[in-house]
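Each of the next two complexes has subunit A plus one other chain: subunit B in the first, subunit C in the second.
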Partner chain A sequence: MTDSKSTLTDTRDDLPSLSRRQLLAALGGAAVAAGGYGYGVGGGAGLTPGGGGDASDAPASDAHIETLTALAEAIYPPSMPVDESWIENRVFGRVEPQEGHFDQLVAAVEAVDEHARARFGGPVTALSPGHRRGVLHSMGATEVHPTADGTTAERVRFYLLGDLLYVMLTAPESSDLTGIANPPGYPGGTDVYKRGPGGDGQ
Partner chain B sequence: MSDGKDRSPSPADVCIVGAGPAGAIMAYSLARRGHDVVVLDAGERYTQQDHHRRMEMWLRPDFEREAFWVDEARDRYSSTGDIFARLNKVRVKAVGGTSLHWDGNTPRLHEKDFEMESRYGLATDWPISYADLSPYYDLAEREMGVSGIDDNPHGPPRDSPYPLEGFAPSYSDELFREACDELGISMATQPKAINSEAYDGRSGCIGYGVCNACPSGAKYSAEVHARKAEAEGARIVDQVQVLAIEHDDDGDSVESVVYVTPEGTEYRQEADHFVVAAGGIETPRLLLLSDSDQYPNGLANSSGAVGRYLMDHPSVETRAVLDDPTWQNNIGWVSSRSDEFYDHEDPVPGSFHLTFGNNAASNSGGAQTRDPAMSQLLGAVGSVEDMAGLATDPFSQTQLGEDLELPTTDGPPYPVSIRGAGEMLPRAENRVTLDRSTTDTYDRPVPSIELSDSDHERETMAYCLEVQADIMDALGAEITGTLTLEDREMSSHHMGTTRMGTDPQESVVDEYCRTHDLGNLWIASSSVFPTGGANNPTLTIAALALRTADVIDEELR
Partner chain C sequence: MWEKLQRSSVATPVVPEHVALASGAGFLLVAVATSARIPVAVVGGLLVAAALFVGPSAALGGTSGLVIHDLFRGAVGVGTLTLAVWLCVFVGLLAWFSPALAGGRARLSVRSPPRALRSYVVGTVVAGLYATAASAWVATVAGHERFYTAAADLLPGVLVAGLVGVAAIVTARRLGRAVSVPRATVGTRPGRLTTLALFVVGAAWLVGAIGTDLLAHDLGLFPTDIQLAYYVAGLLGTGSLVATVGSAVLLSVYRYGELAVVLSAPLAGVLSWVLVSLGRTRVQSPTPDIDFVNGGTDND
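Take a look at the complex of A and B:
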């Protein structure tokens, strides 16, 4: 017996379905090919995963943060303020929701950047916001169901788009977009719910 | 997989099966008085970081919310009645039990709930009165840390103030108050086991707004009493499945419970007293699984009542919109209620209470709002467009940037909602049985749940919907949909399946929750409720557990 009477429509595209191991290997290869990501504090661009001798437990390099921020600027509505510090704190500063989640997110960032280089002529950070959205559309990431162990597009949807949307919707910076002053997931205290519209800070 | 923990038996005065609110509170109550207590729980033990993870899972529709605790093979069940049981959406097998994702609402039952037969000629009376339980309600509120304001003109009598200052009504509650005043309907604040200030080593609420997966620890969960029981010397053994309860040759008392560890090792835990505190479904299931030559229909089941008289709390909801702002989704919990219709004069319509929504709009993919049955939701709205408006899911958007469609509480129109939960009368045919055609991880028959409504529930909740419509009308709100009993699913409150009574021919446990059949076997659970009232059961579960602990303590001296 399951707990749902409804069924989800499977909207996955025609991309080949890979095993978790195959996909990780493929994404890792793409990252090496892209050759633009370093790990560890101050690692900077030019180091490849595991190859710099300066590895730390930091889940993402400065270059990953920069790319993810550029994608956030394209995914979020223009009025949503976002910078690299915010992305680093909100995305990678939260409790990792499941073991290995951040590694998968980093792999998804690398997969998107590789697609940008291959099909759009340069890294995500060099593209306009419209072209960054085009990269995601082109990968099929906006049309598939988010699936943690799915195809590349499904994983980009789950880890990258899902994480960026989650941290936005749980941050007070999105209040003007949602009309919710103290969004669920943000510890905004127990005064806001009483004061109503037009209260202090609104 | 081995985590190195010692899960072998140890000497015990009392063995408790289940570390939810009933089992954990009882463990603490007995351990602090010097008794050796062992608690066995099928589920895992979670950390503070796990609760942050759970919050994200709760808010993101692309995660499986129950992935933390549901083991599909272990937790199989069958649902055969009109009402779908959805067990694994609402119960939690873990240290802390279902309090790991309860809403924290702690109203008491009313005096009339103990006297249904005497007052109305319905169902049966409890063998105890509200007055008998009242001091234990006070104690349970102190143990759990209940925040409340004594402002309910139709609430049950109180002998002492709430231990913590209550939470004030929300902005939208005050809008409803004007409408209710016009109709002569009283409103009151909702008592909650959520700290309004630091209490018992836990912080006050800091407003995460995700009460079902509270990461701050301000909301009570039975993890609190699991920790406190351990500090008093009790032993909490997690991830062990109790398979059966074994009695002595005479069939007068229990000798041991048989359990299995994650490594597959079977043990027998002996004790002087045994308490089954495994909730309204697994408690009767374990008794039915523990049949013997002496008890061929299940342990403690001479009455045949084990598994019967299953009750939940049917609920209905009215959703509407206003032209003026309603300030929704800024806190996770309900802050106001009405007991105006609880203490009725005539048998029908029966009791219900109202709560006024603070989360009438969807957000974060609708995960924060209640999760009504899809069929119930579809029946509530007139068109697919309405449906989309109720459940905008930003995690499934196909457009990005300025075209990204986000859930919003901005208007006009602005959403409001009223929910009502009512009483269900106990009926023998609503029951938990064993489905011998399906087995769990341990080759045991799974529980089969059969539940349907009677005219009493239908008439009561139809009247509740009329009241909700009157309030919305007085508010000047336009009703956009109603959730009715049609195609409803079972609520999270499972009661009545090992009912309390004085007659061993008709009930399973006596007034102190000791089984009639076996002198050292006790039950701590909402499964002992002879009737369920219309209020959330957890505070009553805790009060009864504390009362039973006092009796066990006396017997051990």
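Take a look at the complex of A and C:
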């Protein structure tokens, strides 16, 4: 026991002391190296409100719409046609469900993109569809119920995934997938009533 | 202040050079792992296992490397904090439990590799429980994730740390190299009873909080507690003991489940502190229980 105590004392005496200067130098060196790496790979350019887009009063910038489109491509079935103009018109072109809804949706898009940069090595748009789904899964957004005032993952589920599914299910382009011939707002016109049961005769 | 803190409280030495090296290594590991889309839990597990070779410096360096990486990705946030907490709690507790962590310059050969293996596995399990629970709790309190999803993300890291660490110890033994341990850990480790009690508390915290959070989350589908009460009454009936108890439990979880998850960390912390204090008191008693000391001193 005595030997142990003396050994302990000796060991502590042998320990190098970590001064503030050494600590700062170590962290500073690592930071400089990281800076070179970060700028080299183009990291750090996250989504910002209005970033990359026009300066109008639009609720989302082009970058947000691009990211949302990339996520829609990963979530929707392959047969569902989707592009940026469609997302912009269908998602942000509708009447805002509640005041502040679009702001929350934009915040959810930013949260997903930030997580993708931190843990998947790049923005959502640079990832494959499978990895985009992986981003949502690793955030926990696929394992929670949609809650408007919940955690970040629950808000992503509510605003982002919920809105994307809503606009898909209410779009006439998804009629073949959903079997809903006339979603709300698309009565189909008089030609619908002239079709036969198979949809191809009169 | 810094030197006092460093010399007085650490059970295992932290070597500045190792911290600096581990910062760079941790940064590169995180950068490569994110580019390769490797789950962050695997990265954490590898950093924990790296503590076998460079001591707790691996966790400190890995944490600073992680922060630097996220900083230059423009993504420092709660995700960074939760992983940093997981790493620091994991390796901090592991250094306390396991003599198989190398302490930089202060090294001593282990003459019983199976004991190093056993203590590493036990330490990994107990420290992993606490680290995962603490990290998930931070994610919950910060409003980032539900407790159960955050815990599910990091639990694979415990498995990775355990498997890689065991493989490293077995490989070192086969190569004929002794696993090194810090002499500074002599007499600081918890005893068997304390370890067992801490395991029970850690497991109860993690499993209990996951179960409570999951149940509260699912019960949250009911808009009001009255609707839940009607549903439970239809499910369990009324008047019987099972119905009364079941209804009371489910309604309590519905109303206070999330609060219970938030309060779980202080409760587990206080319980653990009491257990450790009791363990120390018992070790310092005039009639020590030989079996209570975990494996004896390191240099026997």
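Quick note on the criterion: the second predicted complex is superposed on the first by the 130 of 202 C-alpha atoms of A that agree within 3 Å, B and C clash if a C-alpha of one lies under 4 Å from a C-alpha of the other, contacts with A are read in each partner's own complex, and residues count from 1 in each chain.
Just so it is clear, a residue touches a chain if its C-beta (ideal position, glycine included) is under 8 Å from a C-beta of that chain, and two chains touch if they have at least 3 such contacts.
Every value quoted in this text rests on a predicted model; they were computed, and no experiment measured them.
Of the two partner chains placed around the shared chain by superposition, subunit C is the only one that A:Thr152 touches, whereas subunit B remains out of contact. By the touch criterion stated above, A:Glu143 is placed in contact with subunit B and with subunit C alike.
In the superposition on chain A, A:Glu114 makes contact with subunit C only, while subunit B stays out of contact range. In the overlay built on the shared chain, the residue A:Thr170 is in contact with subunit B alone; subunit C does not reach it. Judged by the touch definition given at the top, the superposed model places A:Pro187 against subunit B, while subunit C stays out of reach. Contact with subunit B, but none with subunit C, is seen for A:Arg133 once the two complexes are overlaid on the shared chain. Overlap of the subunit B and subunit C interfaces on subunit A: residues 1, 3-4, 143, 145. Touching subunit A in their complex are the following residues of subunit C: 2-3, 6-7, 13-17, 19-20, 23-24, 27, 31, 34-37, 39-40, 64-65, 68-75, 77-80, 103-106, 140, 143-146, 148-150, 152-153, 182-184, 186-187, 217-218, 220-221, 297, 299.
Contact residues on subunit A toward subunit B in their complex (touch as defined above): 1, 3-6, 74-78, 94-98, 129-130, 133, 136, 142-143, 145-146, 148, 158, 161-162, 165-166, 169-170, 174, 177-190, 192-197. The touching residues of subunit A, counted against subunit C in their complex, run 1, 3-4, 7-8, 10-12, 14-20, 22-23, 25-27, 29-31, 33-35, 37-39, 43-46, 114-115, 117-122, 131, 134, 138-140, 143-145, 147, 151-154. Of all residues in subunit B, only 49, 52-53, 55-57, 59-60, 62-63, 66, 76-79, 84-89, 167-171, 196, 204-210, 216, 325, 327-332, 335, 358, 363-364, 368, 373-375, 394-402, 404, 406-411 touch subunit A in the complex they form.
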